[in-house]
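Next come two complexes built around chain A: one with chain B, the other with chain C.
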Partner chain A sequence: MNPLIILLPILLGGILSLASQKYSRFIALAGSVLSSIVIIFVLLGSSFSFASAYTAALPTYSLNWFSLSTLSVSLYLSTMSINELLLILVGIISPLIFWYSIGYMDVPSENSRYYFELSVFAASMLLFAMSADFITMFIAWEGLGITSYLLIGFWYNKREPPYAARKAITTIIIGDILMLSGILIIWTSFHTFVFSTLINSQATQSTNFAIALLLILFASFTKSAQFPFHEWLSDAMEGPTPVSAFLHSSTMVKAGVFLIALLLPLYISAHLLPVILVFGIITAIFGVINAVSSKHIKKILAYSTIEDLGLMFVALGLGAILAALLLFIVQTFYKALMFMNAGSIMKANDEETNIYKIYSFGGNKTLLAAAVIGSLSLAGVFPFSGFLGKAAIDTSASSNIMVYLILVALDFLTAFYIFRWLFVPMKQQKSNPRDSRIGTNFAYAKKSMIVPQLILSVIVIGVSLFAFYMNSISQYITTTDLIIESAVSIAGVAVALFVFYIPKRALFSERSAARNFLSKGLFVNAAYYYIARFVQLVAHAIDIFDYELNRFFYSGARGTTDLGNAIRKTESGSVNLYLTAFAVGLIFIILILVL
Partner chain B sequence: MTILLSLIAVPILFLALMLLTKRRSGSLATISTFISLVIVVYLLIFSIINKSASINESYSYISSLGIGFDLSLNSISLVLLLMSSIILFVTALSGNIKKEMERTASILLVLFQIGATGLFLSGNLFLFFIFWDIGVIAPFFMINILGSANRRNASYKFIIYEIFASALLLFGIILIYIFAPGHSLSIAGLSSSLSQMPMYVQQLTFILLFLAFMINMPIFPLHSWLPDAHTEASTQGSMVLSGILTKFGGFGMLIIFTSFTIAHNYSFYIAVLSVVSAFYAALLIMRQHDIKRIVAYTTIIEMSIIMFAITAMNTLGLYGALFAMLAHGLVVALMFLAAGSIEHAFSERSIDVLKGIAADAKLTSYVFLVGILAITGVPLTTGFIADVAMFLGAIGAYGAYAVIPLFSLVLLGGFMYYVVNKSIFSTKERTQSSAFIGSSQKIGYAILLASIFIFGIIPSIILNIINI
Partner chain C sequence: MAISAIMQMQFVYILVASLILLTVSNILSVFSRRHKIAFFGTIAFLFISLTATALLYASNASFYFFSIFHTNAFSEFFFMFFAIAIIMVETLSYKYSHELPAFSLLLSLVTFGVFLVTFAYSLIAILVGLETVALASTFMIIMNGKRFVEPAVKLFILSAISIAIFTFALALLLPYDPQLTLSLPGTSQAGSYLLGLSLILFAGALSLDAAAFPFNLWVPDVYEGSPSNVTALLASVNKKVSFIAILEVFIIIFAAYRSSFGTPLFSLVFFFLSIFTMFFGNLVALVQKNLKRLFAYSSISQAGYIFIGIAVASTAGIQASIFYIVSHMFMIIGAFAIVLWLESKSIRNIDECTGLASKNSFAAISLTILMLSMAGIPPLVGFIGKFLLFSSAVYANDAVLAFIGIINSFISIYYYAKVINQMYTRRQGKKMQMDKNIAIVVIVCLIFVIAVGIYPQILISAASSAASALGAV
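Let's turn to the complex of A and B:
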């Protein structure tokens, strides 16, 4: 079956939702569900084995696009191994997001636009999941970038979203150009765009090849929010919450990790793994520090995503591709769950985002249960699924004691900050509400927002049960790591409990100096600002130069006019002057002829 | 066959008709450009079916000097002709002209149509020069008569630069005429006649022609006519100026870089200059506040990149540049149409004052956004195919460092999205006049958008002609 059929229902749903404002949400949901069903049909019969998931699949489908002298471009798709993995994840998450959106989006006049953009976004990710060559991948890559820009800036008549969207698109466009450069350089060396051909071709060592791989790596960093390109992701919280849930779980930010995982053999042969490792560690540290200090209910989760992505790059940098993919899978579910949960809490709190001001759960036990399951999984507590990913990465780092220690420390802090996220609003519940609107709407929480969370909770638990049932985790996780990871995460939870929940007056409060210092995000935003200022200064200098250049040409033209005016003065009409000039000229000519 | 002659004869006839009658000149211009478009599309289909885009027609002209009225069509001129006919038709149809100026505007547009069509079809350099000058004079009046407040200065600046370019071009052509065997001015036979000339004449001619085309394209440091001219011209004027007029220079560059064997000696320096030019314009754009001026600067960036690709002097670079000219012409016409529509609706061009355009003019806002996507080379638009081909050619010639000019698009894109978030998708601040868009303008958007996406998704339509 032609795998492009997968895109058809969801794109059709998006386009049709433009036609009807009233039914757009159901049309889009139907499109997304149909796409997922088509995925099942396409994948039916192909056997999936996690252990071999990372091998670059041979393309199963190709389509000639265009050719110009020596360049001929075809689009290659694959639904095998690693492509299959991502396809399944997106296929599971996207209907849940559309479902959740029905409850979340309560501005009917904007529905059509929202569902159209969301559908194109999901379709881009599905295309990305199937792509088996650079050009197809780049088409999907750009589709993701543009639709995410539109979705982040969705509420463009508010104050903040346009800035957030601009930050995102600026980072994205840097990534696009880096990626395009890398792709083009690779083509000149190998005359192919196809992943599997490249990987199997025993790529030769050349400087160009290394440059191209680095360009592609940094392009992936922009999409996957790695240092120094990570700040756009936390600002992207200005978009509607379902978009955040989608963006952070299975789409967009996973694109970069996925691509590097796919191309990892090339990075191994070019000896570039240390670069990936170093940037991964830096990003994870940045993510944790920001998450510990942030007070924005969604930004804490966003920084947590940055940390998770950093950890995936750490695993890739250690060559442990399966550990990275394990975290890749489990993170999808718990992060989608957490964002949906945060969205529900915000809805009930009149869109307030400061965790020190909101009152969580207000007696809604379902929401609380989902939040606890998500937090335990994110913290990596045994046996919730998040544990699998984190412990597997610990195991892969066991030969490198420095990295291992950093990872353990990060795991501890992760458990700490996510339970801060959980406990601080819970604690708040006991004091007197200052604003009557805040925290009162829990009773009205919509079913369409709760049910997807329940499904995801079941998946979060189910994934680890499945893994234990298959008895396959011992391949990726040693017993020592199992014990250490469990101990560390439980310690983190316990410390959070003692800091934020049990004491009467919470330590590390909203106004503490330490939190303020850390919440500056280690001045990455300030660095962006100074870079932008620098470019503006250069532009200013160029502007002045251009003005002078203009003046130079102008004075040339002016000089010609002045010369003309000067000569014109000789044409005064005075016959005496003409006769004199004539005589002088005649004498000169005679003199020249004589001499 | 007299099909090429008819392409030039149609606008001349319509011009005569418009000069004789006083009414309906707008419709006459639309019909004239539409007939040309139909003929060109016919030629395109004809070439694809016959797998040959080569047609030559010759008529006697100034036989005492050995100059004929030679028209020739090849794959390069067919692509440019297609671009110019689409743009001219859209311009005539939807360039929101003031009613009292309709007759002047339409006459000038058809005059420009003669120039553009003739230039891309000319078989010898004599005709090339004549049509070049017609193509320069018409926009001069489009700025001088139809333009906005500061039109006089802008138009004089434009004409001084362009006449200077024409003079250089004329010198070059005279040199070729004197030294070519048999005084042949044929463009197709240019490389063979050049090979029999003394080296210093070749060098001198190359420099003269290069400077002339460089002013027209324009490349730094001879670019300063462009922002003023494009900003002050009427919407129609801006569309044809940056859509078609700047491609005269590009077409000329394609001719000289394929004909002069000595171009190899200069190509690297010219490449460096065009990289400087691209970044120079990309930085200058950040200091602009006028939405038409911003679009004008994108032209300098794109034309510099096109120049860069031409200097690669390999198949991918040259044909990539050709495709890029098609892409850029369509996109920039679209963006000027959108910018003109914004100016028309809000009587304002400064991005500091314009706020929340999307609330009032949804269609124009999204069209402008698509224009940005196409200019930054997003896949499925024409810009992507152009970028891929151009930079593959350039990497082939200069190695991996040839990707550097791509990064000027980062600056460009970054700034364009700044504009979008500042003026288009932002909070509406004051009550603004209703942004009514006429149906003719919607058709204009539709045609340009359709061309951008059709040639971007099915580039084989164009590439099949080139591959012949």
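Let's turn to the complex of A and C:
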């Protein structure tokens, strides 16, 4: 079966949802559910095994797009192994997100636009999951970028979102240029776009190829929010929460990781793994530090996403592709769950985002349970599924003691900050009567927002139960690491408990010197600012040159229109003139032939 | 699926019968003065002929019939698209023609002329076909009233001259081929001045129809003066039929008539015609204020682009020209459909389009897409067409042509953008409703422009098989 059929329902749903503001949510939900069903049918024939997930994705389907003389471009799709994995993940997550959105999006006049953009995003993501060559991948890549931009800036009439969207698109376009350059270098040197051909060609020793791979790596960094391109992701939290749950935690940001995982054999043979490893570690450290200091309910989760992505790159840098994929899978679920939960809390608190000002959960035990399951999983407490990914990465780093120590420290801090996220709002006393709007709406939490969280909670627990049931964990995680990881994460939770929950007054108040320093985001944004200033200076210099050039072109354009006016005079409407022109034309042709 | 020669011949009979019935039904509807019968009869019989041609095309038919016709991928390919274009013109005219039965009758004559030209195996058939198309459209213009006499007479005089010259050119070919078949003359040709003169006259006569510089001066007057549905016909069918004639005459008959350098001589002629036509069309379009004149000049410049492929005279070039002829057919019908509707709302000039986007967003968006396609912006069909044309020029070491073509696309963006700019300038106004028949035509054109732009492979390979059926250069 042609795997492109998968895209059909969801795209159709998106387009049809433009037709009706009122029913757009149901149309879009139906489209995404149908797409997921189609995924099941497409994948029914193929057998899936996680252990072989990393084998190069051979194209199972190709479509001749166009051939212009010598250049022939085809789209290659694959539904094997690793592609199948991402397809399933997106297929599970996307209906849940659409469902959750029904409750979340309460501005009916914007529904059509929202569901259209979200559907186009989901379709791009599915296309990305199936792509087996650079052209298809790049089309999907661009689709992801542009929908991400649109959805971050969705509330365009508020103050912050347009800036956040601009920041995101700037970073993403840097990535697009890098990616395109990489692809073109690969094409000019190897005349193929297909991943598996490249991987099997063994022609990977040349300098050109290493440069192309580096370009593609940095392009992946922009999409997967790796240092130094990570800051856009925390700003992207200005988008609607389902968007954060979908694009900016569980699917889109992992496109870069996915691509590098696909191409990992190339990076191994080009000896570029240390680059991936170093950037992954730096990013993870940045992510954790920012997460510890941030007080924005969604940004903490965003920095945690940055950390997780960094960890995945660490695993890739260690060559442990299966460990990376394990975290890839489990992170999808727990991070989507956490974001949905944060969205519910924000809804109940009148969109307040400061964790020191909001009251979580009220009497809503379901929401609390989901938050606890998500947090335990994110912290990596045994036996919740986050544990699987983190411990597997620890194991893969066990030969490198430096990396291992850093990872253990990060795991400890992860457990600490996520329980800070959980405990600080829970401790909040309702002291200020003015805030009556805040923290009261929990009783009215909508079913469509709660049920997806329950489903995800079940999946979060279920994945790890399944893994233990299959008894295949020992391949990826040694017993020592199991013990160390459990101890470290429980220690982190315990410390958070003693600092934030048990004391009468919180130990680290909202304004402390250390937090103040850390909240600057380690000055990455300041660095962006100086880079931007520098670019502006260059731009000024170019502008002066440009002005002169423009004047030159302006006079050229004036000349052109004047010429047009002069020629127009020949159009007098007189047939005699036209006949004369005919005679002149014949003479003209004769002259051409004679001379 | 192998279809026997007898079956294929039956398709030909169905095609010819449907054309005859088309004419007969329209004659009857002229007497009964029933608009609906004329409309649906025309559409139905055109569809039958379209289906018959499609079946012929699908069965790879290639044979001679009725002694002056032959059918092959080239003729079938073009007849199908012309049938679609004529169906669209008839749809446009449904509410916009006072005398729809008479109009349909003339349209069926145009169809017959198109049939003669596309299926011709004889130069006489081409001559008669061109004449039929030109005469029928002259009457289509003039039947609308006194106001339309002037453009009709202009069209009549110019096409009469074109036919006269064509006939003379034809006569010069007689010593080489008394049958006047559409095939390479058998006898040696090198250095024959008679053949050279014939080539010049053919080039003049057909360039007059195809509106190449300097034979194009009549075009804007006639296009502007005619009712827009007839203009759509003139720009899509009349003009493109003459391109078919050019392809048939020059690529087949004059292919072996080469200069001392070994390049076909006609290629040199079209090289210059192409450059001048592109520049003329685009430069004058820059200063136009009337929408219809703008599109008239734009279609002149587009003819220049099509000539690039003929000037290149390689298989890739011919293929690119064929691709562009078909794609421009859809772009220009869509554009003139919107112009027709705008005229009925008495919007004629570019500056009257202000705020069209707020009055009817569909019209504004579709006109934008069509114009972007004409300017050659990806991922629309115009881009693919221009890419094919320019790349064929580059591969044939005619980079000059490609370069000039690119400069001209550049110029053309200016005047298209001027219209787009006007349409999206904010000015609140009353909403304007678009008629269903026009909307349908515009949607068909849009689907073609976008779908083929995104996935051009089908049309490219169809064009290449048409090019190879025409004969190698």
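Just so it is clear, the second predicted complex is superposed on the first by the 530 of 595 C-alpha atoms of A that agree within 3 Å, B and C clash if a C-alpha of one lies under 4 Å from a C-alpha of the other, contacts with A are read in each partner's own complex, and residues count from 1 in each chain.
Following the convention adopted for this analysis, a contact is a pair of C-beta atoms (placed from the backbone, for glycine too) under 8 Å apart; a residue touches a chain by one contact, two chains touch by 3 or more.
Keep in mind it's a predicted model, so treat the numbers as computed, not measured.
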item: Which superposed partner A:579 touches (first chain B, second chain C, both, neither); value: second
item: Contacts of A:212 with chain B and chain C, given as first, second, both or neither; value: first
item: A:169 touches, of chain B and chain C: first, second, both or neither?; value: first
item: First, second, both or neither for A:138, with chain B first and chain C second; value: first
item: Which superposed partner A:66 touches (first chain B, second chain C, both, neither); value: both
item: Touched partner set for A:548, first chain B, second chain C, both or neither; value: neither
item: Greater chain A contact set [chain C / chain B]; value: B
item: Which superposed partner A:568 touches (first chain B, second chain C, both, neither); value: second
item: Footprint overlap on chain A, comparing chain B with chain C; value: 65-69, 557
item: Partner chain B, residues of chain A touching it in the complex; value: 65-71, 73, 135, 138-139, 142, 146, 149, 153, 156-159, 162-163, 165-166, 169-170, 173-174, 176-177, 180-181, 184-185, 187-188, 207-208, 211-212, 215, 535-536, 538-540, 542-543, 546, 549-550, 553, 557
item: In the complex with chain A, residue positions of chain B that touch it; value: 160, 221, 224, 280, 283-284, 286-287, 315-316, 319-320, 356, 358-359, 373, 376-380, 385, 387-389, 391-392, 395-396, 399-400, 403, 406-407, 409-411, 413-414, 417-418, 421-422, 425-428, 459-460, 463, 466-467
item: Sites on chain A touched by chain C in the complex; value: 64-69, 557, 560-561, 563-565, 567-568, 570-571, 573, 575, 577-579, 581-582, 584-586, 588-590, 592-593
item: Residues on chain C engaged by chain A in the complex (per definition of touch); value: 153-154, 157-158, 161, 196, 199-201, 203-204, 207-208, 213-215, 217-218, 220-221, 265, 268-269, 272-273, 280, 283-287, 316, 384, 387-388, 391-392, 395, 411, 414, 455-457, 460
